[in-house]
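There are structures below to look over.
First subunit A sits with subunit B, and in the next complex the same chain sits with subunit C.
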Partner chain A sequence: MTTRPIREKLKRFGFGPVSRRRTEWLVSLPTVVWLSLFVVVPTLLVFVVAFRPANPYGGIGRGWTLETLRGLAAPGLLTIAWRTLWMSLLTTVISLLLALPAGYTIARAPARWRNRLLLLVIIPFWTSFLVRVFAWKALLHPEGPVKRALAALGLVGPQATLLYHPAAVVLVMVYTFLPFTILPIYAAAEKFDFRLIEAARDLGASPFRAFRKVFLPGIRAGVVTAVLVVFVPSLGSYIIPDLVGGPSGEMIGNKIAQRVFTDRNLPLASALSAVLVLAVLAPLAAILALQRKGKKSGIVIGEAP
Partner chain B sequence: MKRSRFPIVVTVLVLAFLYLPILILVVNSFNPARFSGRWEGFSLVWYARLFQSPEIWQAVRNTLIIAVSVTAVSIVLGTMAAYALHRWAASRLQHVHYTMIYQPLVVPEILMGISLLMAFVAVGLPLGLFTIFLAHVTFCVSYVAMTVLGRLQDFDFSVIEAARDLGASPWQSTRRILLPMLMPGIVSGALLAFTLSVDDFVITFFVAGPGSTTLPLRIYSMIKYGAPPLINALSTLLLAVTLTAVLLSQRLANKKGQES
Partner chain C sequence: MPEFLEFRGVAKRFGAIQAVDDVSLEIRKGEFFSLLGPSGCGKTTMLRLAAGFEQPDAGRVFLDGRDITGLPPDKRKVNTIFQSYALFPHMTVRDNIGFGPAIARRPKAEIRTEVDRMLELIRMADQADKKPGQLSGGQKQRVAVARALVNKPDVLLLDEPLAALDLKLRQKMLIELDLIHDQVGITFLYVTHDQAEAMSLSDRIAVMNGGRIEQVGAPAEIYESPRTSFVAAFIGDTNFLEGRVRSCLEADYCRLAIDGLPEVVSFNDKGLRPDQPIYLSVRPEKIHISHDRPEDKPKRNFVPGVVEDVIYLGSNTKYWVRAGGRRIQALRQHDRYFLDEKPIRWQDECWIWWHADDGFMLDHFRRDDEALLAAPPQRVGD
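Our next item is the complex of A and B:
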């Protein structure tokens, strides 16, 4: 990279160590302060509030208590935690199975087509999340087209409900997270040398074997990023189970929101959130480690390619 | 050797999967039927109904006030942050800075919503437009910083050096050279921040107060408590707006590709 010569040049222009430090602090300070106030401190606060009692006015009481943490062991919550985990894992696996061939195809498409295909993947990324969830709610509605089609084919009975079921939640989660999965796979596949696959085929490998033994290891970093960008937000899903899940499709996010909005128990909401923070922390640490290693390979999420 | 058709077939199915629900929604927004089961001819009745709703207009106003102010603040903070991250890439401060900027991009929204709510409750800040503004800037800054950082990656600092050689002050070289060259990155960051702010539901839901209903909050209560055809019309309008934003930013991105 070019950072070293730049630094040499800067030094020559009077950006010596002392004034350099000062300029660096001046330029960085606004975001460092802002993010400390609104990201770091609030996150720590969640852990603190979990040890505080609730007060009857829906606020945070005085003193300290372990009562809330004991409340976490309730059997209902364990069921929800387990369901959150398996639904997120299932969403991740399905998204990946769809994103791998899609990312591969886009990376191998002729340049003219590639940009169009990419645009098609990016557009849903920009369209309103609520609108996309609502579109499915309308489709799966008892009067909606999917139900009518399935009933006409005799696949479901006239009384079957497609909504308010864990399967509906997984379907809509796959739908909303799929673009995020395709992008990192594509980013990694774009740098992959496809002649390796041809070589494997020449040596007698079947297409699937070449895909599994040559392509997949070659884009490993992209696959890991893709897994994390689906799995982490899935764990924290709230709108999707809320709108298409019903009681049997509730996830931990719903429980957090219910504690905040229904019975206004902020300490219990905090305790649940603390559990969620810890659950996403492990995969996040992995992302950051990967990012540091792969910064140069351009696999950065949240940035339109 | 023949390439397998399987990946292409899956890709076509994936794209159909991504677009069919949206397409059906758009088509239904022109359907006068109360339940979208059958087509009863083309009509703009739901759009007319939409424009007559004072609640929608109030929500649009709130949304725009927030989105415009959030975008303005985020592009300033985000651009400065990206500059610092790039210029002093090896320093320890920037390591911490990067981790902080990265956090809002990956932490589930509900966690950001609840932690900000705790913070606002703890300091006794009344919930409303201002708290929504604070929350939105917090995640928009990260997106702007990442977008501008991408643009900085292929910025040639020797141009600045040349300007300084020719007698430009640090301020002059920043304003006349650095900023214009970063402009496509800043503009696409601004579009992204604006869209994210207009679209955000989860975080807003947690930090909103009475009278600060934004468009997504309004849509959510419409989804929860009936009025599907109206939502179809509203969603179609929103899609049109975001589609314009994507195409604009895409055009900027292409320009960037041609220059470098």
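Our next item is the complex of A and C:
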């Protein structure tokens, strides 16, 4: 076992005989400390602040209150929460629909093409994210090339606006998250044994059914990763709806920012953030629970068989 | 019996490699037919052409009189057993076997009965709920067989199905495959590079080399009367003797002049004429060896020589004998090894002999094929 040398060392440094369990715990100690310090503690702080009153100077007041939580019931918020959810879901679905064929194609491409195609997927990362969102703003602008081309083709009216619309937000979100979706799917597809598809075809499956019944379950781990990698950051999107969304494309992230910068109400911002964190954690916890149960029953989600 | 699966002038090229080169082949219904050859000889490509994974550049493939050349794999009534088994790792044994019927949207109850019947056939009813990852190599292989057979294919294609198994298991599975073939009566097209597998299972064998078929015939025919130096050298081992016909006095027998050897008599079913060049193949186990000159008998060839190497192989011993400037290998079986009166040892003078009927004259000889033969051990100073 890899822990044995460490245990020997620990003994030498006077830690005395330690049980196997304890060495394992010690090995993971740095990670635990790191995560506690930079993830768990800040998140708990956000939760704590949500129960504090706001003070008039934009800071946090003394004492405890449930007033802020009542503020969450404000009529506009539910609409925005619902919009955030469906826009994130739509982004996830579209990204997956594009990433599945893309990942499949790259994995099946001849070796010398594979790296070039992967490079094309990664190239956008070389430019600042903000610059790329601004580029979309220029593209979708009423005087921009996309709008003009569509208008010239008669597909949209001269008065139509492409910007400041939920569709624009979803478009740019898909654009942003697509590489993150393609990469895990490619990584899973690259390890997939494509002879299984031949076997399925041999047993009478059409190309589509072979894809659905054999390829998709085979790259399940990649698909689950891709979903999490798109869905979770989509829920927390802030810059994209801020720049291309307009009032009708606002998401929870924008509301949180407004509470901080405009209203200077940190407790309300914290409460909103806490709700968002819970909304993200709930599906994750569900997946983990399913996985643990699946390991017993033989159904495993998000793990290579 | 009429042909069932037929390749007519089939060719397939991959880049610079001509994998299959104008091959015509007829496989009969119910037959256990093997494609035997070294790796890269085109045998797997032939199988993939039959399965529909590849399309031929030229030629047609027929199944039961129907041209299936353009059909995709899912539209052909053939099923494949892959070398890697290609079992679906996310499905249980039961679901793997039931995959074909489920795809064909057969009723659930019917699928269940069929799968149960298959599990019975491969004697794995108690393993039905396991995943392929929990099975041994031999079990996976049997599931692959069941998964293919449950579809009742016209032809079962087997791509080196035993290659991944160890020797003892391979021998066991060999017997099982043979039994299954007898039970289901489906035509088997079996691809292998292992001559022992092909010989023990097949009704007929096609020996392939360089994308072409060298010879088609029953196992005994292929072994006992190879037509080309490739077949003679690839299947079993042999000695090649190069010479010329001296005379054909007796009917069906010729006298041959072979450099460095006394006159050799050989069976002549090829209508050879005097002075024609010939290549004679004599299998090591047909060559006898002894210290004393054997009794003179008609049609018996004997040659004096010196033993250069003795290799004890357990069931027999191989002797490399230098005779007339060439090295000839002879095999000898032992009746009572420890009681053999005077063992033949290194550097002993000896006699080797064989019957005229045991030499076989080849139609085609290629110098390269000599590389396939066992080579005598090299000694320092040789």
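Throughout what follows, the second predicted complex is superposed on the first by the 241 of 305 C-alpha atoms of A that agree within 3 Å, B and C clash if a C-alpha of one lies under 4 Å from a C-alpha of the other, contacts with A are read in each partner's own complex, and residues count from 1 in each chain.
Here is the rule we go by: a residue touches a chain if its C-beta (ideal position, glycine included) is under 8 Å from a C-beta of that chain, and two chains touch if they have at least 3 such contacts.
The model shown is predicted, which means the values in this text are computed figures rather than measured ones.
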{"item": "Which superposed partner A:Tyr175 touches (first subunit B, second subunit C, both, neither)", "value": "first"}
{"item": "Subunit B versus subunit C as contact partner of A:Pro145, first or second or both or neither", "value": "first"}
{"item": "Subunit B versus subunit C as contact partner of A:Arg264, first or second or both or neither", "value": "neither"}
{"item": "Which of subunit B and subunit C A:Val214 touches, first, second, both or neither", "value": "second"}
{"item": "First, second, both or neither for A:Arg114, with subunit B first and subunit C second", "value": "neither"}
{"item": "Which of subunit B and subunit C A:Ala200 touches, first, second, both or neither", "value": "second"}
{"item": "Dominant toucher of subunit A (residue count), subunit B or subunit C", "value": "B"}
{"item": "Common interface residues of subunit A - those touching subunit B in one complex and subunit C in the other", "value": "198, 201-202"}
{"item": "Interface residues, subunit B side, partner subunit A - complex", "value": "1, 3-4, 6-8, 10-11, 14-15, 17-19, 21-22, 24-25, 28, 35-37, 77-78, 80-81, 83-84, 87-91, 93-94, 96-97, 99-112, 114-119, 121-122, 134-135, 137-138, 141-143, 145-147, 150, 157-158, 161, 164, 188, 192, 195, 199, 201-202, 205-206, 216, 219-220, 223-224, 228, 231-232, 235, 238-239, 242-243, 245-246, 249-250, 253-254"}
{"item": "Parts of subunit A lying in touch with subunit C, wherever the complex brings them together", "value": "193, 195-196, 198-206, 209, 213-214, 217-218, 220, 298, 305"}
{"item": "In the complex, subunit A residues that touch subunit B", "value": "2-3, 6, 9, 13, 20, 24-25, 27-28, 30-32, 34-43, 45-46, 49, 59-60, 98-99, 101-102, 104-106, 108, 115, 117, 119-124, 126-132, 134-139, 143-145, 148, 175, 178-179, 182, 198, 201-202, 207-208, 228-229, 232-233, 235-239, 243, 253, 256-257, 260, 266, 269-270, 273, 276-277, 280, 284, 287-288, 291, 300-304"}
{"item": "For the subunit C and subunit A complex, residues of the former touching the latter", "value": "51-53, 72-74, 78-80, 82, 84, 86-90, 92, 99-100, 103-104, 131, 133, 147-148, 151"}
